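Note that the chains are named A, B and C in the order they appear, and that numbering of residues resets to 1 at the start of each chain.
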């Protein structure tokens, strides 16, 4: 049985209060104008949100992944785009927290827990799913690492305080590409945002290119050991990014449920509330069940992570299920609302676009299914 | 500084449209309506916390309420209040503002001495604004209500109390009982860390006997006013529908305005 | 019940050099209560400094007697000094009922006095009556006006009630009325040193016609949106009226200020015509306007609660309707 503690329920209430006052009123504007409210992100830091799972000695709130999940759900219920920016930030934070040495943690975690934005830059024009095929390079030159290349479709690209990125630093003994991870401060010379993409969904976060042009980094900026890039990125994606994206979809699902119920009660048709019609009731039942299933999968995954149990399959199941279910629920809710679903005064069409955009984020549905299958077939 | 804040848990005003009167018992039905801290009491908590941040000290919350409001009051602890006291007893039920002020005064006296006692100017559910003044009288402390500004230039307190279209400036010295208006500040958001710390803060519940109160001074028995019948307002207006294109409807409205002597 | 002569008191309030409107509104009601209860005596009580000339106005508005206390220590209102003087007067004269205008100062003073006398006080009553059992019934709104509650004060005396401005109509001034002026002193303050100091009163009268004086009020709610207000202003000008608002519109920052808000925590109005645009009709707003002459409401939700208190109902988008109405009014006036 899924049960949150009293403390977690109070935290949900606290976050919801903040969201209701600060995010919900501007959710439509965030989507229409595709703006990322950086000041709001900084305001959230004072509530402990930005470093929720980071130990207190590095400036974090010393909580866990269940708390991370309920925060992202509350935000995503109103602005999935802004929630995704937070999830991406959490990935950068997690990579440093988990694989950084003590100096790196002390140097980089406090600023990103207190308002600075972080992120994880992996994808390249040559491919995202093809992780090993990345072409950006890192070469040791005179005691410094020199990074060159291009990253694209990077969320938070244009305003990162601290970036975690991967580049190819050579080949291993078997001739396979050696990928390493680096911590790069956003204002480092040579690290520049490039083109900003216009997205159809999950608007409200910067998504764009990052150009790496002869960035020179001290050896201290190497995260982990040379060749740890795959372990760090896929570990981060697999255990935080995907849970976060699943939770973004969960927020959308709750939005669809609440909007469909509200509309069905208020809309009068044939002289009675719409909710009297059986077909509408079926759609509401489907929305509720989809939300419930996604909720249980997602909180189960974050709960496993909180107790340190392996959860790669659970995370992938949550991500794949929740994002696809969110898309279906959004379409279903638009059907339920008829013409009103198309009018942008209502958030439902935004839910549809956001859900569609959440499917390729942090690993497509197919990639996640491959992960799940691999877990089964290994047994 | 030792500051007390008196707080009232009330039904969430956002849910007022769900309140009904039971046609048989003629009593109020508030089932299922969530309870929150009276909104302007949060301004009082914020004012207390700001003073504590400036001058050091402790902030104590006192509330007279039914026993099931623990979680609601913990929110005040999560905001930064140091301790909470809940005064709860069946004997307190039905207390009007004078009886309530008497119970709060007894609780405050039992806890200790305070430099300032703050509370919200009025309660959202009953709309009464008596408690700040009455609490002050019963404790024998000077008091003011509807403060929109409060500045401590130790030991002098400079205050502004709201009146229609303006304010009155006052000066005074602690101890004082002060009711604050919503304009005085913006209550802070509760932080996640605050929620964690709230768990370990002292939370004490006292009843009639703990306060050493005479039952005749509390609850309905101790209230000079008694509630009588409840009614739902009935208005008796017909809501005649004016239909048609906007131009036509506007014309109909003008006819009404002419009939009322507003237009020729 | 109401047996003693001089049984119903109205505590007068002064703003600047004038009596506030609510004092004059309460005098009429006080007379009605006294008449219903058997006694016929209505007294107005006035505390201040050099306020003697106002006694006549109180008598001309319905007081049979004015109890006047003039003292330099009462020049500026303060709850402790005023309450001590009133307490002394109440104990000396024993009124049955004491009414206060529920202004900020009136509320504070009545609460202070009630605590000193250990008697009952009801706040912001919307009606006062003597029932068939000769009990003094005070009707107060609760939960923002969703429910009305009768309040009684069966034993403690005097029975005290606060009434907001605009609830009762002002009595006509009758220059022929005569009455007695009883001068009392503030000697009780000789042995009292106040720990509080009122320094000064700062007030700025808004330039617009106050809502309570307007014959027509056009009110905007949340449904009118941020851009409606210049149009509402122009309609008000054309109709010689004033613009009011609801709490949500005020909170959004769209309006001229709290003095234009209609509701239980704002103003009570009874214009000849009230027209609401995008007002949903929350209970507390309804309490503030329900006694208007003709009530017209425009809202795009046919089930909006405001229609329960409307004479005329228009189901339309206020944002789109407002400019059409303005044009039509201008056309009518120009032609």
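The definition used in the following text is that a residue touches a chain if its C-beta (ideal position, glycine included) is under 8 Å from a C-beta of that chain, and two chains touch if they have at least 3 such contacts.
Worth saying up front: this structure is predicted, and the values here are computed from it rather than measured.
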Of all other chains, the one whose Cα centre sits farthest from chain B: A
Nearest-to-centre chain - CA centroid comparison: B
Pair of chains whose C-beta contact count is the highest in the structure: B-C
Between chain B and chain A, distance of the C-alpha-averaged centres to the nearest whole Å: 41
Chain centre separation in whole Å, for chain C relative to chain B (CA means): 22
Averaged-CA centre spacing for the pair chain C and chain A, given as whole angstrom: 55
Residues within chain C bordering two or more other chains: none
Contact footprint of chain A on chain B as seen in their complex: 71, 74-75, 78, 189-196, 198-199
Residue ranges of chain C touching chain B (in the complex, touch as defined): 15, 76-77, 79-80, 103-105, 107-108, 110-112, 114-116, 118-124, 137, 140-156, 194-206, 215-216, 239-241, 259, 264-265, 272-273, 275, 282-283, 286-287, 290, 293-296, 305, 307-316, 320-321, 324-325, 327-329, 332-333
Residues of chain B defined as touching chain C within the complex: 11, 13, 16-17, 19, 21, 28, 96-98, 101, 122, 124-134, 136-138, 142-146, 161-173, 223-233, 235, 237-242, 246-247, 249-254, 256-257, 259-263
Complex contact set, residues of chain A against chain B: 6-7, 10-11, 13-15, 17-18, 46-49, 52, 61-63, 67
